[in-house]
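Chain IDs A, B and C follow the sequence of writing; residue 1 opens each chain.
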Amino acid sequence: MSNRLRHLTTLENLPRETIERLLDRAGTMRDGCAHGTRKLDLLAGRTVLNLFFEPSTRTRTSFELAARRLGADVINFDIGFSSTAKGEELFDTLHTLEAMHMDAIIVRHKESGTPESLVRHAMSGVAVINAGDGNRAHPTQGLLDALTIRQHHPDFSDLIVTICGDVKHSRVARSDVHAFSALGAKEIRLCGPASLMPDPAEVPGCKIYDNFDRAIEGAHAVIMLRLQKERMAATDLPDEQAYFTRYGLDGARLKRAAPGCLVMHPGPINRGIEIATDVADGAQSRILEQVANGVFVRMAVLAEVMGR
Amino acid sequence: MSNRLRHLTTLENLPRETIERLLDRAGTMRDGCAHGTRKLDLLAGRTVLNLFFEPSTRTRTSFELAARRLGADVINFDIGFSSTAKGEELFDTLHTLEAMHMDAIIVRHKESGTPESLVRHAMSGVAVINAGDGNRAHPTQGLLDALTIRQHHPDFSDLIVTICGDVKHSRVARSDVHAFSALGAKEIRLCGPASLMPDPAEVPGCKIYDNFDRAIEGAHAVIMLRLQKERMAATDLPDEQAYFTRYGLDGARLKRAAPGCLVMHPGPINRGIEIATDVADGAQSRILEQVANGVFVRMAVLAEVMGR
Amino acid sequence: MSNRLRHLTTLENLPRETIERLLDRAGTMRDGCAHGTRKLDLLAGRTVLNLFFEPSTRTRTSFELAARRLGADVINFDIGFSSTAKGEELFDTLHTLEAMHMDAIIVRHKESGTPESLVRHAMSGVAVINAGDGNRAHPTQGLLDALTIRQHHPDFSDLIVTICGDVKHSRVARSDVHAFSALGAKEIRLCGPASLMPDPAEVPGCKIYDNFDRAIEGAHAVIMLRLQKERMAATDLPDEQAYFTRYGLDGARLKRAAPGCLVMHPGPINRGIEIATDVADGAQSRILEQVANGVFVRMAVLAEVMGR
């Protein structure tokens, strides 16, 4: 595998074959698990470290499980979330961890670009995996969303997918767009209040909507983003109820989508703000499949970057 | 084992055979450890998650050790103790953990009944083990106390046991009463200030005492509860010294009990408040045996609920 | 090995053979790792517990890695750093952990002498390893510094080593002095502001300097201590720049040392306060080798105290 990934910092510019290889492998791991294979030993003897500068119990746990199910040791490096480590201080931490012979570092940081900085400053063969940096990228989320869609809708060439909410500040949305574009999605629609939409130049090929009823029309998958409540002010909507009325997903609105449209959300959900309870828990919801796929995608990524 | 436990939320209404089966198994594990068996692999490949909404390093560590000594992977899900997760938010967390293929969830929560809520809302075969809910139940503590008594006094039919302290707010006392009743104890006595005693209807068959000298008379085991200092006000006793004089266990008082009476405490102890130092550290103290038995009981419970 | 260590609380008074045996073993483990041996199973089935009353992610992680690479289970006992556990409370914690069958306890505490207190009060065969107590000792740091020097300068009989900074409050410096003396170093020089120098009676055989230019003259290794910024006041130097001018290590000053002088620091470094960036990152810097050696030394110590 001469072109295997050494790091995963973003899905941007990643070749379609690479993304498909990762999804194929995650799918194989999912099948193995369904047939009772609880653990593999691909990473026996390896050490994976969680370096989270922002708290995220769900994502950290998903990575921890993925690494352990491959037989790796996992260290949670508790840096304290008050730490604003950057620059030399951050690189000294990196070099210390390399000196301890870490095989992979999974990093979450509020500054966009931190994972690439780590890659540039790394002195050993340590693999860096981005678990979310600023507003920029959350590549394993993009992969798990692609895997979830592909499971139900294998041919992306006629796929219409709608992403709704605070797209502007969402690393999930950015990584989704990169994944779906690379896989040849027919149409990617972004929807939300104008103040929460990205610059169109940033998302070439995407269609931007203000009207969710139109954005969801005929969609095969709809991804609802979590509303950060402190962003409400930017929406020009008086309250959460008004936000839900315009940009929330309820049963009536879902009927405008294609039959069987997949309902997705990166979680944790705000019921009644971006998504109605009956839709979140309904037959079309794939939210828990996303969680399950998250572990398999992270297993595939860990195995890839560590060359196993 | 058609009637095996799938969950352990309370000892209330558990058949005597079930309790005895768990104690027998814990005893077998204790014997194995004494003969050098440090680890078993009954739970190899399984994942056990600690979901503690109240801090408790001792209990969490005891469960973590129990799970690891059975070969399981253990995840500490750090939800932050400021979280008051309940209702949908709690169930979304549960479903997320189930989607990640957890085999067992060990939960501690300040709201009574939380473990049963999790059982009712669980969608997979995940096992739920209560590590303490509100004032209600702490079933593994009840089991470990029973195991400790049985080790020294195998026949419960003539057993007199006295529980002293803030029984009203004690989940330990409730689970002890359930365990000792099921095992056919002859007499269970509860003692403490009237304001810290439960409604008698809640503890049928127990004798309630205000006078510790009388409550301890002829007892084969005495369990001293930890006094929560903030509860002092409710006792109508002016200070901790006065509390100790009336409800503390010292050497003179212990002489009123049956010869060799077992001295027990769930820990951590407040020396000089509920128990005198020379008694806590004396020849009749079983406090550290309780700690040791705690690991074996939790091993037995984990193996049982996971069907191994 | 009749004279094997049962505990490691300090290097003071440790025989030269013991220190050399530990260094030899750490060196063997380092060689094994270089040849691809990632894990050993010397401690399979054993449980090692981190009991840190002061935060130290680096040291805790180094011990955790060391224990895991020997196959042990590791428990991080999160006591909360606000805890000031001492006296009976601390010993009750110790006895609880012993009852849970811990094989080794790694302790860091701000009170000097805590590790010895634990050894004196232990009731089982549990091994106690000091990960830093007050100003007094940090024996694994002393060992890793000795290992790092020995790697480049095997014959201590002509070794001149200079330790510069706040020696008075440094447990690192004390353990370094004990290690280097035991190994027969020719000359140990201590340098820093008079207010940060220890009583000479405390460091027999060491030479005390106020002038760093003279202290570094001809040295084969220089160990820069981390300046605790709250100690600046005691230095009679107006600011960090002035401190650096007199006691910092820059390239010009390093030229006064012996050719190839090893530049060392226990980390994390304060660039521009005690050490210049180009020196910290320069060809003579051994700072990251120290980190790497820390894991191997801790592996050797764990194996020794647990009799493997």
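One rule holds in what follows: contacts are C-beta pairs under 8 Å (C-beta built on N, C-alpha and C of every residue); 3 or more make two chains touch, one makes a residue touch a chain.
Because the structure is predicted, anything quoted here is derived from the model rather than measured.
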(message) Building nodes from the protein chains and edges from chain pairs that touch, which of line, ring, star, complete or other describes the result?
(response) complete
(message) Give me the C-alpha superposition rotation for subunit A onto subunit B, in degrees, nearest 5.
(response) 120
(message) Measuring centre to centre with CA averages, how many angstrom lie between subunit B and subunit C?
(response) 41
(request) Spell out, as numbers or ranges, the residues of subunit A touching 2 or more other chains. (result) none
(request) Would you pull the subunit B residues touching subunit A in the complex into a rising list? (result) 44-47, 73, 75, 77-80, 88-89, 92-93, 95-96, 98-101
(request) Please name which positions on subunit A make contact with subunit B in the complex. (result) 33, 38-39, 55, 57-58, 61-62, 64-65, 68, 267-269, 271, 277, 288-289, 291-292, 294-295
